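To keep things simple, chains are lettered A, B and C as they appear, and every chain counts its residues starting from 1.
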Amino acid sequence: MNESEKNSDGTESVLLNLGPQHPSTHGVFRLRTLLDGEEVIDVEPIFGYLHRGSSKLAEERSYTQVITLTDRLDYLAGMSNNLAYITALEKLTEISPPERARYLRVIMVELMRIASHLMGIGFLINDLGAWITPLMHMFREREKILDLFEMVCGARITFSYMRLGGVSHDLPIGFEKSINEFLDDFENKIKEYENLLLGNEIILSRMVGVAPLTGERAINCSVTGPNLRASGVDWDLRKKDPYEIYDQIDFEVPLGEKGDNWDRLVVRIEEMKQSVRIIRQCMYGLPQGPYRTDTDFFVRPPEGEAYGMVEAPKGELGFYLVSDGTIAPYRMGIRSPSFINLTVLRELCVGWKLADIIVNFGTLDINVGEVDR
Amino acid sequence: MWAKWIAKMQTRLFNIAVLILLTPVFLLVYIIKEPIVYYGSLNILSGINFFIGLFILVNFLLVVTTMLTFVERRLVARMQNRIGPNRVGPFGILQGFADLIKLITKEDLVPTLANRTVFSLAPILIMAPVLLMFAVIPILPGFTIADLDIGIFYVVAITSLGSLGVFAAGWASNSKYSLYGAVRGVAQLVSYEVPLVLSICTIVLLAGSLNLNQITGAQEIPFILVQPLAFVIVLFSVAAELNRTPFDLNEADSEIVAGFHTEYSGTKFALIYGTEYLAAFGWSVVIAILFLGRLEPGVGGFLILMAKTSIILFLFFWFRGTWPRVRIDQILAIAWKIMFPLATINIIVTGGAILLVQSLFNLKSGTPLGLQPLAIIAIINIVLFVVLLLVLPLIKGLGRFDDELKARGLEIKGGN
Amino acid sequence: MRIFGVGAIKGLIVTLKYLLRPTFTTQYPEEKLNTSPRFRGNNFVWYEERCTGCSTCAKACPLGIIRIVTHPEPHQQVGSDYQIDVFDIDTGRCMFCALCVEACPYDALHMGGDFERADYVREDLVITTDQLREGAKKPQTQFRPQLEEIGYQGDEELDEHEAGRWSL
């Protein structure tokens, strides 16, 4: 973008740097924007401030130790990262987990989806300007989910819960009671969030019709996740390419219509409700049995490569593993959804106002830890 | 070397000037006493009592400002299901003073390329009009510093000088964020004065005088019942004048970091920050006087006035804790497309009602209206208010979300 | 018939209801949250009698922070323990992933449940062998299903015979 170009009325554009130190860019992230008064002409994201070299570090750690690295990619949805990596590893080694482990994995991943969407919606409304009120309410629910996770695996953010061949811990005593309490309470809370947010004229006037994204354009830009479904495209990996036990569970995939900010917000709220449904079915049908198959301590997969993908809360998360027969992977590549969803930010923002840039960025639900890896 | 010494002394002198001497304000009011005598009846106490009363009043205002920061944080925190600050004093009462002391002892940074003189003068330009506003407000009923006959007009005129200070602060900071905040701020402040003044005009018509003491005396029925539409318009216009949610895009944390006061730190920032709460208090007292009934004399009257002010302040804090903010072009659209026509309709209807009532009861113009005429006007206005509430969604352009969302198959949950 | 502004007022009512509810906050120094028995705390519980010096925990650690120095006895028999000179864990760099606890074949190393071990000097964060020998033996039940079967909640001290899957 050339900032000394004149606009049609002879004025110059302003180059504004929503810099890496900013109160509200969800992480260390830089946006160079070119503005004509209040209207946006061009937006250029610059990232890389949070790069920690996960792919390189993975080459020097054994397969079990890499699980601790994968926790930290999208640090708000650790279970999904673990599951994606283990899916890739299980394709490589062709070891399959027992049934109970599959159910446990799905329960944990759906709980994680609720927590991640709560954070996404909460920070979006915070960016809109409601001074952290809905965010605090949603944090309280997330606290309860993290307490459930602490009961199961001992940690609240960096879980390292999944292992090759199953999960690392079984459910503790008293977990069923806690999770049922939580789910009953949560359905009331979703109604409260809808009362607080979805009827509010201010939110309506700022989100309805703003920054639409057509389905065809979304497919061409490789957008996945709730953003794609909000544009009307029916693509959810849990239905189209079922992994674990998703083909035995009854749930719906909410779809939007026009792909504007309002649709992205409503799709996430509806997905939380569907997650509650999935968890209830899983807890009801949980089979008895072992939760982990015995594997070697330092597992040596046969030479080859595999790509494992899951439907993470933010999109399609995939791990590409290449093995050369030793205890550490030869190469680990990560297809992170936030990185790919970010490319569509320019199209969403051009033509709208400065105040809409941050809101659009929030509706895409981008986690900078995943963008930079 | 001299420049550095002068800069250091400037900062220290600035702090001292703020801490000890709000003398310029006292002197100003005393100096301009003489010309004001020609423009209205004056009721200033003479001699040393004047300065004592003024000193007590200004201290009261500043203490109220620091306590308001604490009260707001506590209230908004309870709405968010958490406890606010509760560590500093007993139950956290001294939190405001801790903030004030911290701000005063911070380093006073002036950006290199900023215009030093204007940068340092801007906080004074923001704070002084708000302090001057309290000259005509009967905080203690019966005692005003200057019982001007042009009371409410003086208030509106003086507080409109604040926009000059906002623009000076934004421009002199030499930063793009500040410039954006300043431009938005001035546009918003100037636009919202029009519905504010028009709505206050209706109150003045009903009371027959601009003097604040006489406006309260004329309230046989509290004017909030007689003029509900004017109350709503004044409430939201004042929220926009104060840069409060939902119109606080100037200090929008998310985009332009802090708007026109991004580059301020230390005492200058304390002045700007305090002005927001001082103005909120001041305008709440004015709204309480204009709309919520007459003032009783004595200490009891003072406490009742404070209670009414607290109600209005609670409304402001409640709005801040719940609603997101509106975008700047939508803010200006609301001011010119919704509030201005509504204020005009209000003044036409009220004027017509007053003429009707005067011919019915054979009253002369300029005298305050009695109970029965006010009741008739109240009924007319309340009917107008309810009709407008039902009619507004049908106007194309306001209720568009209903149709569009129904067409998508999504209902607005929580709206009906 | 839809009245203008009702959605916004519904939001206001939700907030007003929250004003009257008790808060969710735990005031930290006076009240503390209860952690679950599987919580991965900041210290470790080590039973020297069970430890053989095999260093599997050190191999399993992704960061390599466990330092073990052993020496064999003069007439060491095949299959018996080494004598442990140094067994340090550097909690300044630890990420508390419990891979070492999972790896220990003799149930000698367990996670502890302490979370208030902040210090002023970074070198003091290293847990030395003496601190491990003399520390309180309250293991968490992370990766130790035998402790959950006996209903252990992490509040009493366990000696080396009760803490493992098989006795010494």
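Here, a residue touches a chain if its C-beta (ideal position, glycine included) is under 8 Å from a C-beta of that chain, and two chains touch if they have at least 3 such contacts.
Owing to the predicted nature of the structure, the values given are computational and were not obtained by experimental measurement.
K.L.:
Where the centre of all protein Cα atoms falls, which chain's Cα centre is nearest to that point?
P.N.:
Taking the mean of C-alpha atoms per chain, the most central one is A.
K.L.:
Computing the C-alpha centre of each chain, which chain sits at the greatest distance from chain A?
P.N.:
B
K.L.:
Report, in whole Å, the distance between the mean C-alpha point of chain B and the mean C-alpha point of chain C.
P.N.:
Going by mean C-alpha positions, chain B sits 55 Å from chain C.
K.L.:
I'd like to verify one number: the distance from the centre of chain A to the centre of chain B, where each centre is the average of its C-alpha atoms, in whole angstrom.
P.N.:
It comes to 43 Å between the two C-alpha centres.
K.L.:
Measuring from the mean C-alpha position of chain A to the mean C-alpha position of chain C, what distance in angstrom results?
P.N.:
29
K.L.:
Residue numbers in chain B touching 2 or more other chains?
P.N.:
Within chain B, residues 79-82, 321-323, 412, 414-416 contact more than one other chain.
K.L.:
Could you say which residues in chain A touch two or more other chains, in rising order?
P.N.:
133, 137, 140, 195-202, 204
K.L.:
At least two partner chains per residue is the criterion; list those residues in chain C.
P.N.:
Answer for chain C, listing residues that touch two or more other chains: 4-8, 10-11, 14-15, 18, 24.
K.L.:
Under the stated contact criterion, what part of chain C meets chain A in this complex?
P.N.:
Result: residues 4-8, 10-11, 13-15, 18, 24, 35-40, 56, 60, 62, 95-99, 102-103, 111, 140, 142-143, 145, 148 of chain C touch chain A.
K.L.:
What does chain A use to touch chain B in their complex?
P.N.:
14, 16, 18, 22-24, 38, 125-133, 136-137, 140, 194-206, 208-209, 257-258, 262, 266, 353-358
K.L.:
Which positions of chain B touch chain C when the two form their complex?
P.N.:
Residues in contact with chain C: 75, 78-83, 318-319, 321-323, 389-390, 392-393, 398-399, 402, 412, 414-416.
K.L.:
If you look only at chain C, which of its residues touch chain B in the complex?
P.N.:
1-8, 10-12, 14-16, 18-19, 21, 23-25, 27
K.L.:
In the complex, go through chain A and note every residue touching chain C.
P.N.:
My answer: residues 61, 64-65, 68-69, 133, 137, 140, 143, 147, 150-155, 158, 160, 168-170, 172-173, 192, 195-202, 204, 297.
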